[in-house]
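If you scroll down you'll find the structure; I have some questions about it.
Residue numbering begins at 1 within each chain, and the chains themselves are lettered A, B, C, D, E, F, G and H in the order written.
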Amino acid sequence: MAEIGIILGSDSDLPKVKECFDILEQFNVPFEIIVSSAHRTPERTREWASGAAGRGIKVIIAVAGGAAHLAGVVASHTTLPVLGVPVETNVSGGLDSILSMVQMPAGVPVGVMAAGRAGGANAALFAISILSLGNESYADRLERYRKETEEKISKRNEKLNRTGYKNYTKE
Amino acid sequence: MAEIGIILGSDSDLPKVKECFDILEQFNVPFEIIVSSAHRTPERTREWASGAAGRGIKVIIAVAGGAAHLAGVVASHTTLPVLGVPVETNVSGGLDSILSMVQMPAGVPVGVMAAGRAGGANAALFAISILSLGNESYADRLERYRKETEEKISKRNEKLNRTGYKNYTKE
Amino acid sequence: MAEIGIILGSDSDLPKVKECFDILEQFNVPFEIIVSSAHRTPERTREWASGAAGRGIKVIIAVAGGAAHLAGVVASHTTLPVLGVPVETNVSGGLDSILSMVQMPAGVPVGVMAAGRAGGANAALFAISILSLGNESYADRLERYRKETEEKISKRNEKLNRTGYKNYTKE
Amino acid sequence: MAEIGIILGSDSDLPKVKECFDILEQFNVPFEIIVSSAHRTPERTREWASGAAGRGIKVIIAVAGGAAHLAGVVASHTTLPVLGVPVETNVSGGLDSILSMVQMPAGVPVGVMAAGRAGGANAALFAISILSLGNESYADRLERYRKETEEKISKRNEKLNRTGYKNYTKE
Amino acid sequence: MAEIGIILGSDSDLPKVKECFDILEQFNVPFEIIVSSAHRTPERTREWASGAAGRGIKVIIAVAGGAAHLAGVVASHTTLPVLGVPVETNVSGGLDSILSMVQMPAGVPVGVMAAGRAGGANAALFAISILSLGNESYADRLERYRKETEEKISKRNEKLNRTGYKNYTKE
Amino acid sequence: MAEIGIILGSDSDLPKVKECFDILEQFNVPFEIIVSSAHRTPERTREWASGAAGRGIKVIIAVAGGAAHLAGVVASHTTLPVLGVPVETNVSGGLDSILSMVQMPAGVPVGVMAAGRAGGANAALFAISILSLGNESYADRLERYRKETEEKISKRNEKLNRTGYKNYTKE
Amino acid sequence: MAEIGIILGSDSDLPKVKECFDILEQFNVPFEIIVSSAHRTPERTREWASGAAGRGIKVIIAVAGGAAHLAGVVASHTTLPVLGVPVETNVSGGLDSILSMVQMPAGVPVGVMAAGRAGGANAALFAISILSLGNESYADRLERYRKETEEKISKRNEKLNRTGYKNYTKE
Amino acid sequence: MAEIGIILGSDSDLPKVKECFDILEQFNVPFEIIVSSAHRTPERTREWASGAAGRGIKVIIAVAGGAAHLAGVVASHTTLPVLGVPVETNVSGGLDSILSMVQMPAGVPVGVMAAGRAGGANAALFAISILSLGNESYADRLERYRKETEEKISKRNEKLNRTGYKNYTKE
């Protein structure tokens, strides 16, 4: 049974949050995906969002760009935590998506991640940090993830020191 | 029976679009007002929007600030023309409201007016220009409105020429 | 006889609003196209705009970028509803075009659509929503268009569920 | 024992997130408050953040403006969910705070709320939505909060219908 | 006979460019003022602009805010040099006015000054620098103006050195 | 003897204002070009600017990007009219260049053109409009230029009508 | 003999960087102040800047707003380290000043501080951190300053814990 | 022993500040490089920064993009001068990085350079200008660097005059 529900405003956004799916798989977090627009399929979005808690979903990740109303609309139909991933656009690289997601009115929150790929990855990690509060194995796995990241960066520095920055960037 | 439906995200927005109400009254266009949020009262918003055409509403004016999803959410529940009035905020004087209203995805349009008071006035005038297509008395009245505006500006110039700019700005 | 008049500031904008033409054709809405600049051909623009209502035009779509004065200038010469489509530019992906179109002063409204391709499509749909008020066949067709969009998205979800997101994005 | 830890970059930010404290009290969520800067008291910030989970804290709310590094710095020292509340500044009403909080790199997420008072309120509600996953009484209370909000808006509409918008805004 | 023609989009802009009038008077440059909007009084604007050269006007100063199409519209009806003064607005302190004036398409230039009071003053000085090319007395006066400015700043520094910065700012 | 002096902050800006040179040649306006930076070669810039009037230069065009101080620095050393052409950059497509050129303090004006190619063309046309005040042949040529532009656009419309927009954009 | 030279574009900027003067006095760093504009008094600015090193000045602080060319112009006349303090303006609270100072071309650096009061304070502290490299007493004093700041924040937290946040903000 | 310490938030930033390394090598300034993130490796960053002065480092250069907290975090752990180089991003070409670095609170300064390649070069030059205060050979070398830049630009102008701008840009 899925613990995370991911809703995307368009199927063209699927490859843009690849890192989100990758991390959830890496952590063995079961998730479900739906493509549904706040504006073009409002009923489908509403049904999916309002039924999410009942289906066992614990955290929702909403991915959208431009007007990017999706995260807010989903949050209006559920009291589950809703994370927003603003998709990069031509307007200042997604400033429209960011502001539209961030500036939610008092009463219905959305937790907004970075625009673009980093946002997809971080939505997964943030969702896992929430699940970790009730699941120690996720909490342990998250600690390990941080450690592994540190070790990767250590190795890069070792290589950088060994080869020098000129050779490093050549490879 | 109301021809224009006006929906505001918050009752604190009522005085900000005073000019909208004033112009509709001046033109004797019957209108209805509802305060309903896209996020805090999604069901009320949906019912109001999806029933608007059935009640005889021909044009909808949605007033909201910040995330300002209201116009888009209303448009998702009706095929009536929806006009958006972005309320001025602290973020660049309403840049968040403007971008969130303007950047609607293909399929569900919103016609966006200026942020602030001018936007309220223009939403009324735009709605009347739509009604004018099926109602010549509105069309005539709209022509007259433009003429009256021109005459007012003529009178200001006469006064400016008569008194000089120094006295003009003193008064 | 054309019901929609489309004016573009430059012939280089023609391919940028292809979706606008496509949708109008799909709905069998007769339209006329003119290339005329607010600044380089002000007389042609004025004549075209002020004569539009007399030629039977009911809604005007103005497409322009940068200073993007065209929609406002056209609106100053007619009381027909004028929709603005801001063309994307290098300045924040069209922030200049958007703000210049949106921030019209009280008295002469323009209904502004999204910058770029979505804006072209939505201008057509918004114009049709206006025409629908006096033409039931357009209204029916518009309802159908929304349904067809929903069905397309349904099919995408079916495929997504069937193939999984990894195969879906590969295809 | 506190379930929510709130860290503010400056004591001048305390009144700006009053709604955050109000809502947490209203929901009887125990919370702790610390004033500590990412830059002026980095050790205190680090100790507080890295010890939070051990003290029983489940969600962290970080409030800061301008460079607004606080949320990110706190998130670097814990795997608990960290919510960011950007304080409004003179630069576009807090655009600097928003972007600095939102644009976190992949690996260390922050869930960002609106700039200003709405952000404070929503940080509390978002934190409660997280706690609700492991505490049904919070979940029930949250549902009730949404209902109460709806009822308040219903009453406003009743009053608006009864008195008319002119009298409504006068009061 | 006026050498400079000043056109303002609204009489509320008159006090905002007071420095423009002051400097022109100080230099004894004859000027005319008209209040005329690009959108509300397009015919008046067109007639005034297209007749300006014939009336002996040599430089035009156009003052407008928001959409701020006025300078561009005036420039479309004359080949005289047109200077634009963007009026400060709520949107980022006039970013809308600045971009709308600056981003003119190739073929019809406008020379844009700073938003606000500095812009009014500089439009006058820029206009005089143009007139100076054909009028040595203006050129001399302009040189003197720069010298006087330098002397004023010299005196401020003398006072600053004499009194110290603490007393200086107290006075 | 050159009537127009063009100064560029970098030789990499030369191709970016090609249209400026083209138009000046087309109008047979003699011009001189120098590459000199406000910051890297301040003495050269100062000497060139302060000597320009003495060499017979009547209008200066300064081309620069980023901090784009060049136009302001040149204007500080001459009372000739100085036009600024902001070069497009990565920061919002030249927003930094535009604001830095436009926001000159009272006392030392710069007349700013659009960012990018349109700005280069318009700087030439604006400079010619200034020269036209003292040279009727330039004035006549400028009128003709506008007419030719109108004719070009007429021909495009004829072709558009003849071939239809689908064939037009194919060619 | 002054070790720090402070140049302000206008005497109206003096009170805006009061904290800069306060900190330098607190650290007993001798400094000199001049009011000189990049544009209105270019010769004075040039002489002051090019003579600074010879007078024993080690670091320059340039304070300016709007076009804010001052820091860059000063840096073009000296190889001393130049710090820029952007003054807050109406355009997005100083975005014009920030971008104009920050976006210096390769070859002539300026080290830019925050817009507004924090920038003034930090320019003093940054200058002292430079002087500290050659003066241990400054270095010690700087360490102490950081400690004192930490202690102040400690005391605030003690008070906050003692009185509770409600009483704290009341006082 | 390294005099300059360079810290980069990611190894992908190494090629983006190539000019920084080139200039430091050209001036024979010994430097050390570390890849360490403010968020992913906070301990490593803290240790490196707090130990820098003890290792003989005199100036730190921090390179980061997006949230770009690195420079501020480093500055919180040392009283050495810290220079920030904002990496260009998709959000307005690095506006997020610039604002996040520039808007440091009073007490902990960062001296910010331009976004992108110019920033890398200027960080090196600014660092050298600091070292020059205690090392005359650097000071002389810096003077020479400026002279060489001037000579390069002189040669470009000679070539431009010799070949004409048309041939110049062709080559």
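The rule is short, and it goes like this: a residue touches a chain if its C-beta (ideal position, glycine included) is under 8 Å from a C-beta of that chain, and two chains touch if they have at least 3 such contacts.
Quick caveat, the model's predicted, so the values are computed rather than measured.
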Labels of chains that are neighbours to subunit C and to subunit H: A, F
Per the touch definition, the chains contacting both subunit A and subunit F are C, H
Selected interface, F-H versus G-H, where C-beta contact pairs are more numerous: G-H
For subunit D paired with subunit E, centre-to-centre distance based on mean C-alpha positions, whole Å: 47
Using CA atom averages as chain centres, what separation in Å is found between subunit A and subunit C? 33
Between subunit D and subunit H, what is the gap in Å from one C-alpha centre to the other? 36
On subunit E, where are the residues touching two or more other chains? 37, 40, 66-67, 89, 91-93, 95, 98-99, 102-105, 107-108, 114-115, 118, 146, 149
Determine which chains touch and list them pairwise. A-B, A-C, A-D, A-H, B-C, B-D, B-E, C-E, C-F, D-G, D-H, E-F, E-G, F-G, F-H, G-H
Per the touch rule, the subunit E residues reaching subunit C in their complex are 9-10, 37-40, 42, 46, 66-69, 72-73, 75-77, 89, 91, 95-96, 99-105, 107-108
Under the definition above, what is the set of subunit H residues touching subunit A in their complex? 11, 14-15, 18, 21, 33-37, 40-41, 44, 66-67, 89-93, 95
Residues on subunit C engaged by subunit B in the complex (per definition of touch): 19, 58, 79-81, 83, 86, 98-99, 102-115, 117-118, 121-123, 125-126, 129-130, 132-134, 139, 142-143, 146, 149
For a test of understanding, state which residues of subunit G touch subunit D in their complex under the given definition. 88, 92-95, 98, 114-116, 118, 146, 149-150, 153-154, 156-157, 160, 165, 168-169
